[in-house]
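Below are two complexes that have chain A in common, paired first with chain B and then with chain C.
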Partner chain A sequence: MNADQWLHAFAAELHHDRVAPEDIRHVVAEAATHLRDGGGDPWTVFGPPDRYAAVIAESVGTRPAPRPGPVLLHAEGITKRYGRRTVLRDAGLTVRAGQIAAVIGANGCGKSTFLRICAGLASPDRGQVTLAGRLAYCPQQGGTADFLLPDEHFVLVGAGRGMTRSTARRAGRATARQLGWESADPVPARQLSGGTRQKLNLTLSTLNEPDILLLDEPYQGFDRGSYVNFWDQLLRLRDAGRAIVVVTHLLNQLDRVDLVLDLTPAVPGGRPCTG
Partner chain B sequence: MHRLSTVAEMTLRELVRRRGVLLLLLLMPLAFYLIRRDAYIGQSVRALLLGIAWAVSTAALFTTGAARDLEPRLRLAGYRPHHLYLGRMLGLWVIGLVIAVPFFGLVAVDSDGLRYGGVAAAMLCAVAVAAPFGMLIGAVLPRELEGTLLLLTVVTVQMLLDPAEAGARLTPFWSCREIATWAVDHTDDSYLTRGVLHAVAVTALLVLAVAGAVSARLRRRRHVRQLPVT
Partner chain C sequence: MTERRGQWLRGVLDLCVLGLLRDHESYGYQLAQSLDAAGIGPIQGGTLYPVLLRLERSGLITARWREGTGGPARKYYRITESGQAALGRGGPDWQAFATSVTAIVTGGVDG
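Let's turn to the complex of A and B:
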């Protein structure tokens, strides 16, 4: 990790720790000046970004966490069978505006199925989903067109909500930039690397400013920097009042989320608990 | 209209960017035309029409398959099912015309004494029927191998069946052969009328069937209740 990447990760950690934006700008600029003038490896000078961010957060103080808003997604009694195999049994989840929920569980326990049912892309055998707001869904795979350029994807998806071409392109490029990707290059989606294609996938999900965002393991193929940017963006969206559900198998990120739904079969039906 | 034209435009862009596919789409009717060229010109024109129909149907089949993963996302992004299937169909019709125009020129240069308006009408009918036909197969059979085999079967039956047989009218591209007979053999106008009516009816039926299949797949599920934001 070079100095720029360290500073980026540091800023994301400060944001996560709810340090005020003006304080973040100030502290990051100070650290950058220190590194530029004094040289040296930031890991040696400051240590890991998360630990240094925690120290700074303690010293400068943090903003109070926004109170969760109204319920935007409520799924209850979701049961789904494939043939004789019951994949989901009576699973439920309630997510409010300004919350991130993680759906976890072993492979094949129905995480993606649960998300598709919440998105209305698959029908359950039993149960109901109530949505209050516009929803967007980022699938684990697919969701992009091989022979279209990133800008064309933005125009296509943006047109769904009546965005003009230039607005959609501008919004798409700005969102991609927040994930550390300059998307203006005219490269068809099939020629993008796996991680970059996934950034395109994720960018398309947030393009229309949805109220509810469903993400099915959206970070596959991300390098460390992109992964940090991804969580940084999720936290920004949460602070902006979005309800986010993210399927994940990376349990080390659970401290960043507000709710956890564990669909592991040993937990009958999946049990939401405070994260 | 904006959404419909955007889907049509992106369908065109995707196809145009696949230069190899475009080349093969042109090669297929050309091969059909040339293989029968040493015989009577009428056979060449009929084979050419089937070649165009096959090329456009195949393009429609694969385009529909490729869009399968993207369409649910577009549905959630604000598109209605009819924007998606009509937009895609519009794009395929334009591509079909782009394929047909050079072959019309070829027939005009390479033949003599035909009713060229009839040849053009037969090509239009081939394109009009082929796009929804390929899309329907793509919508009903999600796996491309099955879809391609079905398409191959239908076109082969169409090619081998005697158009005078009653059963031939049930094949999708019967209209092209009728209109081609009118154009090449100078038969009476009932051939043209029958052909045009058949093409209109089959296209309408196919568009309705595509609408049904796509709308069913992308329908709003009953378990989802949408409330206004409070």
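Let's turn to the complex of A and C:
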């Protein structure tokens, strides 16, 4: 990790720790000049980015978490059977504006099904979903068109909300950049790597500024840096008042989310665990 | 030994910074160099900047970004009136404390 990478990681951690953007700019710029003046290894001079960020957050203070707003997604009593197999039993979730909910559970326990039901793409056998606001859904796979360029995707999706071509392109490229991807190159989607295609997918799902964002393990194929950018982006969207539901099997991010729905099915003889 | 020095320093680094800023403004890297030159030892940025931020937040110092001569913009720190007052109280406190410690420790050395 060179100085620039360290500074980037440090900035990301400060963001996670809810340090005000203005303070982040100053603290990172100051650390950068210090490293330029002294030429030391940032790991020796400042230590690990996360630990130093925590110390800084304590020194400058942090923004209070915005109070969650109105309920934007309410799912209750969701039950879904495929043949004789019950995939979901009485699952429920309530997400407010400014909250991130993680849907977790073992493979095959209905996480994607639950999300598709929330998106209105599948219907439950019982239960109901109430939404308030515009919805975007980012599937685990697909969602991009093989022969279109990233810019053409932006224009196509942006047109759905009456964006001009140039506005859509600009918005798409800006969002892609926040995910660490320079999307202006004219490369058709089928030639993008799996991780980059997912960035395109993510960019498209936020392009129309949805109120509710449903993401089905959208980070497959991401390297570590992209993964950090992705969570940064989620926290930004949360702070902007979006309601976000993200399916995940990676539990190390759970301390950053506001709600957890565990869909792990009942153990025989044990307590049902449907959130 | 280094660990003990680190512990001592933690208690007085804010006073040392105020002392260095008493007569003229300075920036982080320069302060670190001054502390080292004064014999306190090398101070890493990770130790120094949190102290500067806390002093700034409690109003004992102020900061502003300023272009250096031909160099990049740096954040210069300057002591405030309440910083001067804090130094005026803390300095003698430290002196009294250090004198007492010296008296006891010197006895140990002699014995």
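Throughout what follows, the second predicted complex is superposed on the first by the 264 of 275 C-alpha atoms of A that agree within 3 Å, B and C clash if a C-alpha of one lies under 4 Å from a C-alpha of the other, contacts with A are read in each partner's own complex, and residues count from 1 in each chain.
Assume a contact is a pair of C-beta atoms (placed from the backbone, for glycine too) under 8 Å apart; a residue touches a chain by one contact, two chains touch by 3 or more.
Since the model is a prediction, treat every value here as computed from it, not as a measurement.
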item: Partner chain(s) touched by A:Gly61 [first = chain B, second = chain C, both, neither]; value: second
item: First (chain B), second (chain C), both or neither touched by A:Pro139; value: first
item: First, second, both or neither for A:Thr33, with chain B first and chain C second; value: second
item: Partner chain(s) touched by A:Phe46 [first = chain B, second = chain C, both, neither]; value: second
item: Contacts of A:Gly83 with chain B and chain C, given as first, second, both or neither; value: neither
item: Partner chain(s) touched by A:Pro186 [first = chain B, second = chain C, both, neither]; value: neither
item: Partner chain in contact with A:Phe147 - chain B first, chain C second, else both or neither; value: first
item: Partner with the higher number of touched chain A residues, chain C or chain B; value: B
item: Residues of chain B defined as touching chain A within the complex; value: 2-3, 6-7, 10, 13-15, 17-18, 66-67, 69-70, 72-74, 76-79, 220-230
item: Chain C contact footprint on chain A (complex, rising order); value: 26-27, 29-31, 33-38, 40, 44-47, 52, 55-56, 58-61
item: Interfacial residue positions of chain A with respect to chain B in the complex; value: 70, 72, 117, 119-124, 127-133, 135-137, 139, 141-148, 152, 155-157, 159-162, 188, 204-205, 207-208, 211
item: Residues of chain C that touch chain A when the two form their complex; value: 27-29, 32, 44-46, 49-50, 53-54, 57, 65, 72-75
